[in-house]
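Shared between the two complexes below is subunit A, which pairs with subunit B and subunit C, respectively.
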Partner chain A sequence: MTTTSILNAATSADRGPPAWTRWLDLGDRALAVVLLAPAAILLALIIVYPVLRLGYTSFFSLSLTSGLPAEFVGLENYSLMLEDPVFWETTWNTVLITLITVPGALLVGLALALLANLPFGVQWPVRLSLLIPWALPLSFAGLIFAWFFHSEYGVVNDVLIRLGFESIIWFNSPNWAFAAICLTIVWKTSSFMALIILAGLQTIPRSLYEAADVDGAGRVRQFFEITLPLLKPSIVVALIFRTITALQTFDIPYMMTGGGPGTSTSTLAMYIHQNTVSFLDLGYGSALAVVMFALSMCVTAVYLRAIRTKE
Partner chain B sequence: MNIRTIASALAATSVLTFSVPAFADTDLKIFVSSQHQPDVWRKVLDKYEAANPGVKVAIETGGNTSEAQAQYLNTVMSAKDTNLDVLMLDVIRPAQYAAAGWTSAFENKDMSVYLPAYAGANTVDGKVVALPAFADAMFLYYRKDLLDKYGIAPPKTWEELAAAAKKVAESEKNPDLQGLSFQGKAIEGAVCTFLLPYWSQGKNLVENGKLTFDHEAAVTALKLWKGFVDTGVAKKNIAEVATDDTRKEFQAGSAVFAVNWSYAWTHFQGAESAVTGKVGVTRLPALSGGEQASCLGGWEWGVSAYSTHQDEAKKLVEYLSSEDVSVFMAANGSLLPTYAAAYGNNEVLKAVPWFADALQVVETAKPRPVTPRYNEVSEVIRTTVNAVLAGVTTPEDGASQIEARLKRILR
Partner chain C sequence: MSAVAAPGLSGLLSGRPLRFLAGAVLIVNGMFPALWILFTSLKTEAELTAKPITWVPHAPTLANYMQAFSDQPLHLFLFNSFMVALLSTCLTLLVSVLAAYALARLDLRYRGLILSLIIAVSTFPLVTLLVPLFEIMRTLNLLNTWVALVLPYTVLSLPVCTLMLVSFFEGIPRDLENAAMIDGCTRLGALFKVVVPLCAPGVFTAGILAFVNAWDEFLLALSFNSNPALRTLPVGIQLYQGEFAFPWPVISAALVVGIVPVAVLIVIFQERVVSGLTAGGIKG
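So, the complex of A and B:
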């Protein structure tokens, strides 16, 4: 038995694998295709199809409140968008929120992560408190901060008055309302950045710092020469996630200002929601969503390209 | 078991199965907006259930603003959900819902029994698409005690109101007492805020489905409200104030005047009110030289086109929209009747004496533009009013923005 199997193995090695395994032996490329197929089909169903469908709908005039059937209008929804001041305003607001809150959350997140990584007793309370803003639903955070910033009952104005300043009607001015929203977003999202950066911090070998100590490098120099370069991959990952979610900002301004005063703090995602959910204008809403999707894809591509050139 | 036994068993089962609907309960579900006293409607439904054994009606509530309710119902109806049978709709919505095919029409219904405005709001292209639940209009609430104290008559014009507010504020020396509370937040109420002085100048926004926007009248309307903010008649954060905030402020005794719907009256007389017995209510003022105008409100009962109990649902709606129920809701829930005669009903007048004067207001109140794209029209007006009150946009720019955007929507 043993001898024959060895013999067989020897001979089969000459002739290729036995017949019963041949159907599996597809070559590396084909095997990869077969193994990836289920995931690819699933992705196609839940991601590619909706995106294609979105693009398709964006070429139609489709309003559920009109009672009229969908009508092919080509690029009309897109040309409407170009003349639509609210589209431009909400897009600009979205870009501005991204430009302010992403670096803001990165800086605060980095500071929190360094604090949570310090080797003394505050570690666990800090780590635990990091989880709280992260675990809180976005709309809930928006609701809480809407109360914080309320001109009459809010705690922020209460503190300002106690400190001898004048109270501010936060949601009456586009700038103050914008500032309140950005502060809330930074509060809500910096803990997420901190969690990812903290994971990165813990992969940095302690021996590097010990060696730097021996060489006489100070804390600041250690931070810029060791910590920051080695954290780069974690930071880029955190930035990708944060930037994409920033481009889709909806819940916090929706709950805090409802886009007001006027439409001055409305975001692109809120405008899409308004057109699709409130106006049931699915054609125009889809065209807007296509633009937001394209914007997200561009940003991701830029980041991915940045990582590739670094490597 | 032989074949015969099996056959007769099957026959018996099928007879039972088919006869079940005759004995079974019909379960209906109606949507009632949460601020319109679902608990009082429950009493009406209990009576209906008692008179119609076999029918059970459950209430679903949701949303405390017209927009929140519309958003919920939009989702339910565009999903063709069969769960809801009867929907309570803001008076601005029957036209929209009919255009979208979401409500089923009532055949051969005589609408002349109702107040003309409600017969009109519920009839679209000659079809009755919903039946009135209750009427409403905006009123001016005022502090009777304070006006009496300084010998001021209830104002007939907005200018008189501003003068009265100033006089009371100067004499009372109470920094927490504001002159006038109205709706400046970007909600449905802000549409009426814009329309009240606009209409007062004898202008209409939409006639026969065509935009008839008057730029000058719109500037005047926006200037009026902004002027109230700038001169301190209204408080600086009025752009944060929603309908129920106005109600709460007045109820807490911190406003001399308030623009609000009829529902506020009950609250002002309630146990938690600081102004019980001190409240007067009258028609909204006009611009000087203009006519007094009010915004028509009210809610309607529609039968969902996707309901699987069409006949039972329509029968229930006929009942809910009947004169008896209208009188009951007036006396027990202070909801304005949709029948002219009910305003003279003794039971009603005993419970809410001021309804005697309300009929005239409801009869002359103006409807907001009737269009299937009302949601968009409303959004344009309320966000602009909000922006003007917050000082982000000037009244002139605001009027131009409303005009440009309405032109695109109603082209």
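So, the complex of A and C:
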């Protein structure tokens, strides 16, 4: 602390702020450290230390069910992983879910945002219809859609039959189960995309469209030459956030299919959970998590670059 | 879109029937799943298995709600979810208000670096922390306590809430704080007596965000709590499933009970939530 700030503290003490706050009347730098400390401590305890610990544990054979003490095994967990067909299958499923649902949610979200941007007289039903899916827990969405796709009493099959199609036994076939999961994820996540894109839409000045009208540009051309380019920043942010969360997909397949039939709809996150919580194989679970962490950090690196170029 | 009518497609796009159709599409898309669960929760077993299935229940009954509370301790699940969400919301707000004030107002040398770090942390996949957090909680004897969930949930919301609050705090003129400090407030006094009250809507929005995050979380709640008395709602709701039976009307009733608290929050504060979400989302 510098002399001036001690003097400041002394003079403000004369004016009599409550005694308990007086010790916090520090210089800017010191005060900043104090104010940031709680956040830093929490992040260190819940994120930084666990991540370091994760890398460390992945080099050990540590299974709580075997009762054996942790033993350093070097890269053995990783070489096991390379030969583990379930690892490859769940990773592939995760990548496939990301590749299908991220663009899917973007397209649906963009469509919803364009619809929601029409000049409605009453705004709140539109807002609510975008907020409710966002606020609905993922695990609830999984259960609700499991019921939607129920082979006998589900509303999806009911509609299919009414339209003259055959009903589908969604959860008995790997492909249909996978499709049902992807549809559910797209429904659940497109609303948040729509909210972000809608905010971007509302910042586009109307005068641009009016000028384009004068120039005789049709709506389709206006969309591709004005709307889309100006929406790019919001779309990039929404896309990257969605990609990061798609890699972590857990709740919806866990609730809808439990990963089945077999392991055909299981994701990497579900496999990490299974190895850790069910098999208590912390060494192998850690190695799996390191892989997911690496995947996710690649996306984050792209994200940070996108933000920097935006600024 | 522009109010200026142009020939062809644009005339159709600004037309009233289209707007009506657009509203219908939005509302059906957003509300139908929740509505369908509500309908299911009011059906009797006989009506559920009738073919072809009925959409709107003919003889609505509340029996499923009674059963949802008697088959499983639904009130306990609700209580646990509520307490965990409330505690982590309070902790998130306290910690992020302090951090955001430092980032918005104090002359920091590494401000840009700290902000980038916060953004990076907000992208960490929670599931990768499952193993080490599990070990930490086991070592600290915190498994099967609220704390094992409150701490990670706080960290889950901390980055987004901090970034949101930074942008809200930056919108408050410094003169107001300076005036308070001349009147004898300390900096912290000015923060809590002037800045936070002026940013009340923003702080409140950050709080709702943190609450919804915690109310929704499933993976950690599933992994860290094996004690039935401490289960949160998303975890507890699975218990209705029998070995062979899946009592959908009862599960639906439990889901409706779980959706209502958050839905009420959203209905009351919808405008604020939208503006807060989009401010946070675009900022990163």
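The definition used in the following text is that the second predicted complex is superposed on the first by the 252 of 311 C-alpha atoms of A that agree within 3 Å, B and C clash if a C-alpha of one lies under 4 Å from a C-alpha of the other, contacts with A are read in each partner's own complex, and residues count from 1 in each chain.
By definition in this document, a contact is a pair of C-beta atoms (placed from the backbone, for glycine too) under 8 Å apart; a residue touches a chain by one contact, two chains touch by 3 or more.
For clarity, every value in this text was computed on a predicted model and none was experimentally measured.
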When the two structures are overlaid on chain A, which partner does A:P174 contact: first (subunit B), second (subunit C), both, or neither? first
Could you say whether A:V277 touches subunit B, subunit C, both of them, or neither, answering first, second, both or neither? both
So, does A:G67 touch the first partner subunit B, the second partner subunit C, both, or neither? first
Subunit B versus subunit C, judged by how many residues of subunit A each one touches: C
If we overlay the two complexes on their shared chain A, which of subunit B and subunit C does A:P261 touch? Say first, second, both or neither. first
Please work out whether A:I47 is in contact with subunit B alone, subunit C alone, both, or neither, and reply first, second, both or neither. second
Under the stated touch criterion, which partner chain does A:A32 make contact with: subunit B (first), subunit C (second), both, or neither? second
Touch test for A:L107: subunit B only (first), subunit C only (second), both, or neither? neither
Now for A:L228: first (subunit B), second (subunit C), both, or neither, which partner does it touch? neither
Subunit C-contacting residues of subunit A that also contact subunit B: 150, 277
Which residues, counting only subunit A, touch subunit C once they are in their complex? 12, 15-18, 21-22, 24-25, 28-29, 31-32, 35-36, 38-39, 42-43, 45-47, 49-51, 53-54, 57, 112, 115-120, 124-141, 143-145, 147-148, 150, 153, 155, 158, 161-162, 187, 191-192, 195-196, 198-200, 206, 209-210, 213, 218-220, 233-234, 237-238, 241, 244, 247-248, 250-251, 254-255, 269, 272-273, 276-277, 282, 285-286, 289-290, 292-293, 296, 299-300, 303-304, 307
For a test of understanding, state which residues of subunit C touch subunit A in their complex under the given definition. 1-4, 6, 8-10, 13-14, 18-19, 22-23, 25-27, 29-31, 33-34, 36-37, 40, 48-49, 52-53, 55, 94-96, 98-99, 101-103, 106-108, 114, 116, 119-121, 123-136, 151-152, 154-155, 158, 162, 181, 183-189, 212, 215-216, 218-219, 222-223, 233-234, 237-238, 248, 251-252, 255, 258-259, 262-263, 265-267, 270-271, 273-274, 277-278, 281-282, 284
Quick check on the complex: what are the subunit B residues that touch subunit A? 67, 70-71, 74-75, 78, 96, 99-101, 185-186, 236-237, 239-240, 372-373, 375-376, 379, 383-384, 386-387, 389-393
Please give the residue numbers of subunit A that touch subunit B in the complex, ascending. 64-67, 150-152, 169, 171-174, 258-264, 274, 277-281
